[in-house]
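Here come two complexes built around chain A, the first alongside chain B, the second alongside chain C.
And then the complex of A and B:
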């Protein structure tokens, strides 16, 4: 049996693994060529800032996708959790920090409810989170009677603040991504998630706490969706009844675009970061280039379609590569 | 109740009498709305449900939560329940056409409130002249811009709504109609997609302002986006009231309480006003008349001409705008 040439395989592997990053780089360069001001520091900073909203929630979604699950309720959590915090700010005089805490805890509680349905009652994740999508939004609409909620001005001091010139939303996004990366790559819990996502039956046989792992990822997803909602609302200062509606698709798209697989076991915190940046770079680039508004959704859809198609090829390649390892390197 | 008072104040005397007295025949009305995501829809919903209920009618409410297919099913459900009439706030123009046809094919009279079907030939359609109202509001700020900036092309920006919504298209057309007579005095406008979503508007407007820092005039297709505009402009020192250096001329459309407050504060210069109470009253009046007459397929277009409330005429016309009435009642403090 002759040995296969190493160099070509390594190049293909590298391209396969770095595909999402390459797509992002190409998109940024293309729009930079069309409108050079797109590459200015302020422009790139704004792109990262606006990507933080979807990106933070996408980090949570990656945890869920790694277990081959799905969380369709994130858009409703983005609405309901900041709403609860805002009502307490308005009616109980809560400060910004306390409101942030309430918002995150509410998100965790909503995620725990998803976990209860999925792990406790064994409802399929798609159905369970589809139900809570309506449940959470309906509860929020009932609380407000569909009226907007104006937050106290102090909240905008948080959302529009910068630390050493870096906008707070970017800092929050970075902190979340780094923490998620550490959890996924350097803890037993992270290894259990990958093991479960790759082969649930084998994970059970190996004695891993699969029910606890599966429940935890939905709590994480709810928590981060709530945080994402708070980050945007703290910039605008107002929560409208339609806020977050349909965002679950953006969040899932960002995670998949960045390299997470819908079938579990593949992806990482970097997937969410790259995916969210890619989606926002496309959106911002279209604005910079002054593309016709009717064409913008077509171009966005085409980019996502291409990336998902690429993901299919990439996943097949990665599954072939990792036959002897639980967690593939570099994803 | 104040909403009722306002309705009575804006209605004609004959209609006021009709509302004040219990209807000759109590009807069951299905009120199917797509959602209530802005002040306009909340106030419209309140005006319609309270007035019908107080007049002795039964109102079955159905919220489609921005899902056109769900709304069609909800309307079918209403028809199956044997309602006497339907008032509809549709998700978009195409689905409205389908739902109107569904109701009329089942001999149930239907009135469409504010968001018109693509086909205006069927059903009672109460609609604001979005193009004309937008044109009036933009004309005011355009005239101000021409006076203030005589020596260079004026850069304008429009926040465009969901282009599947005929209202958004009409408002965009009105914006361009107002600038068109001035030819080269206005540079090509910057268009920013919002999809009627604050977070989308925030991201796209931030990108647009970063790419084009010199903006002289902003028109938002809905007043509910003013807080989003503020959050983009304020950190850049571009959220400045009238009369101070750096003020960006600003106009909107809807006539909500926030816009009223911002015109008073000097940050906004004009807003196109839909006469919400006229529209609500017209929809109810027409559907009740059809039910009373036993007419199952009434077809009529009732147009709300609207007007522009500006920094110049707010003294005289403030209380003609529904948002200013709500503001006076403390709407923003609740």
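And then the complex of A and C:
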């Protein structure tokens, strides 16, 4: 048994990681062939900038998915957390930096509320975050009477700024993704998340701090959803009542397209990056290709379906690869 | 020799029914204690008390002379007690090294002290693995390891935690003979290091071979205990079931008929099985013997239509079968998988629901399911298969002992009167008493005219029960023996025929 070659493992790893990247490359190439201007540096940079919105939240979602949980409330957190910050900016004269802090802390608090329901009261994540989806948005609507909130102009100085030619949203996205990668891969906390997602009962028996781990992922998801919301608001300068509505699906789709499993234990920060870029590339590509506006959601849905189907094929292929061979073929 | 762990008048009740009562026993330090008993004798309950999963109702435990009352698995682990179960507590998505250090990673120094020091972790893991003779790179992901290798990783974890008492609970069920030998060598090594071992198994010969002392539980009580040298297998069986087991194997009720039930000709699936031809007749029990990985379970899956064959023909009662599993069940086939927890049962559903499932269509009428008839059928089955259970309509299958779970898996097929029953390792992890009852069910079905294909790694049970035995090796049927020609040596020789080991070691997937 010691003589078993190591090749299969690397093949499997490669195939698992390469699938989502391959899908992204194919999509970019297809749209690039349809409309070469899609491949221009500026439009690619624009696509990446827009992808950062879903991407930042998808990084948080990956943490949750790794524990085999789900967070449906991210779209509402994107709305409520910047709203709280915006109200304080308007009424208490908060600066941009302080507003960012308030927004992120509010997101963390909303995430902690999810954690309280899920870990403390043992409500199933799907149900708990479905409830807070309505709760958070409802609270925001009550605060504003569903009116649009205009932010002070100063905030756009943050969202539209660039450092060394790189737009701030992309920088924030990159920083979040790198930090998440380090946490997930190289800290005990990160490895505990994977362990918990793989086998919660074994994690308990191994004496891991499972409640803390499970609570933390929802706080992280809330925090990053709030940050994602702030990054967009700081570009457009206003917040209307429908902001973020339905975005939870984009976020979950991005994480899954990027290779995170809904069943826990599989995926990484890279999944969020690849998945968010894929979704945004499809959206932007459809606009570039001049596809009928009303057809676009249909095509987006089809692309996601195809990608997930392709992913399923890959999984089946991997299983077949790992399956024991009893006798050599063709004997 | 002093006792590392001592039970004093220990007792545990479940809903007022004692699972363990008045148990007083010493676990001598530095020795191997063999613990045997039928399913439901109280072994699991005792282990759960040691492991901090359940609390004793009466009495107490002493660990190194001090009162010991663990409140959680983590506390038992911290005290220095480790468990090696059939189901391993490992994380298949992490590397071998990460699995070893999951509860205390080596950290980097200085500014990076929040990060795992992978270099140090890899080195220390390699050291632990070397102690067990496991030649696997520590950075390999666990799910690429064979079952035997994974188990050694779990043992390495126990060594890393400096466990002084290591409890093995049926550790050999998913191991190949070679892996089993290596495990035994490791256990010898652990004892030589001065560690204490409790070894629990239904394979009595193994228990006798490994243990210094043997303790026997029956109905929650200690009924026999002494040096292993003074135990022979008949004494072990007698103590376990409280009587002599004159015949584990039933006298076959009727001789097999001549009409073929199942006819397989030239069945092939590339990389799995090649040119399989066999016949099972009415009332016949055909044994299918072979080493792990010889393709027996894979053949069963092909026969049931769970996997697709590339060529060949399967006929049931003369009619060719082409459809999937649903079609085949309708035509009268039934399959008891080797993997009752995952594939054979709905663990959290009630016993009654499980029993009713295969025949569910026959219980439904215009007004929905006929619950009265389901209940009556389930009660009748309780008698037929001698199920030791409480309220069938309330008790979940999960709460049954392994042997009784297996009786549910087999029993649920009886009402649909299968023409062909495939049993895949039906007695794995099942105690002697329940085994004998499972054999009796098989005999009874055969007497009613069903054909039975019984897959097993235990030659003894095939020789005791079957009319004929076919032997598989590397995906082919290499020999077939009629009852008068049954001989251990010849069966083994056939199983090993085409070279020693299977083409490749199992990585994952089903055994067979």
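By definition in this document, the second predicted complex is superposed on the first by the 296 of 331 C-alpha atoms of A that agree within 3 Å, B and C clash if a C-alpha of one lies under 4 Å from a C-alpha of the other, contacts with A are read in each partner's own complex, and residues count from 1 in each chain.
To be clear about the criterion, a contact is a pair of C-beta atoms (placed from the backbone, for glycine too) under 8 Å apart; a residue touches a chain by one contact, two chains touch by 3 or more.
Since this is a predicted model, take the numbers as computed values, not measurements.
Asks: Let me test your reading of the model: by the given contact rule, A:34 touches which partner, first (chain B), second (chain C), both or neither?
Replies: Touch partners of A:34: none, neither chain B nor chain C.
Asks: Applying the document's definition of touch, where does A:109 land relative to chain B and chain C: first, second, both, or neither?
Replies: A:109 contacts neither chain B nor chain C.
Asks: If we overlay the two complexes on their shared chain A, which of chain B and chain C does A:202 touch? Say first, second, both or neither.
Replies: After superposition on chain A, A:202 lies in contact with chain C alone.
Asks: Once the shared chain is lined up, is A:192 touching chain B (first), chain C (second), both, or neither of them?
Replies: A:192: touches chain C, not chain B.
Asks: I'd like to know which partner A:232 touches here: chain B for first, chain C for second, both or neither.
Replies: Touch partner of A:232: chain B, not chain C.
Asks: Does chain B (first) or chain C (second) touch A:242, or do both, or does neither?
Replies: In the superposed model, A:242 contacts chain B only, not chain C.
Asks: On the A-aligned overlay, A:182 touches which partner chain: chain B = first, chain C = second, or both, or neither?
Replies: After superposing on A, A:182 lies in contact with chain C but is clear of chain B.
Asks: Would you mind writing out the residues of chain C in touch with chain A in their complex?
Replies: That would be residues 72-74, 77-78, 88-94, 98, 102-103, 105, 114-116, 118, 135-137, 140-141, 143-144, 146, 148-149, 270-274, 293-295, 298, 474-476, 502-509 of chain C.
Asks: Where on chain B is chain A touching in the complex?
Replies: It comes out as residues 35-39, 41-42, 45, 63, 65-66, 160, 163, 188, 190-193, 196-199, 202-204, 206-208, 210-211, 224, 227-228, 230-231, 234-235, 332, 334.
Asks: Which part of chain A faces chain C closely enough to touch in the complex?
Replies: 1-2, 4, 6, 8-9, 12-13, 182, 186-188, 191-192, 194-195, 197-199, 201-208, 265-266, 322-331
Asks: Going by the contact rule at the top, pick out the chain A residues touching chain B in the complex.
Replies: Counting only chain A, the residues touching chain B are 35, 37-38, 40, 42-43, 46-47, 49-50, 53, 134, 137-138, 141, 145-148, 150, 156, 159-160, 232, 235-238, 240-245, 247, 280, 283-284, 287-288, 290, 293-294, 296.
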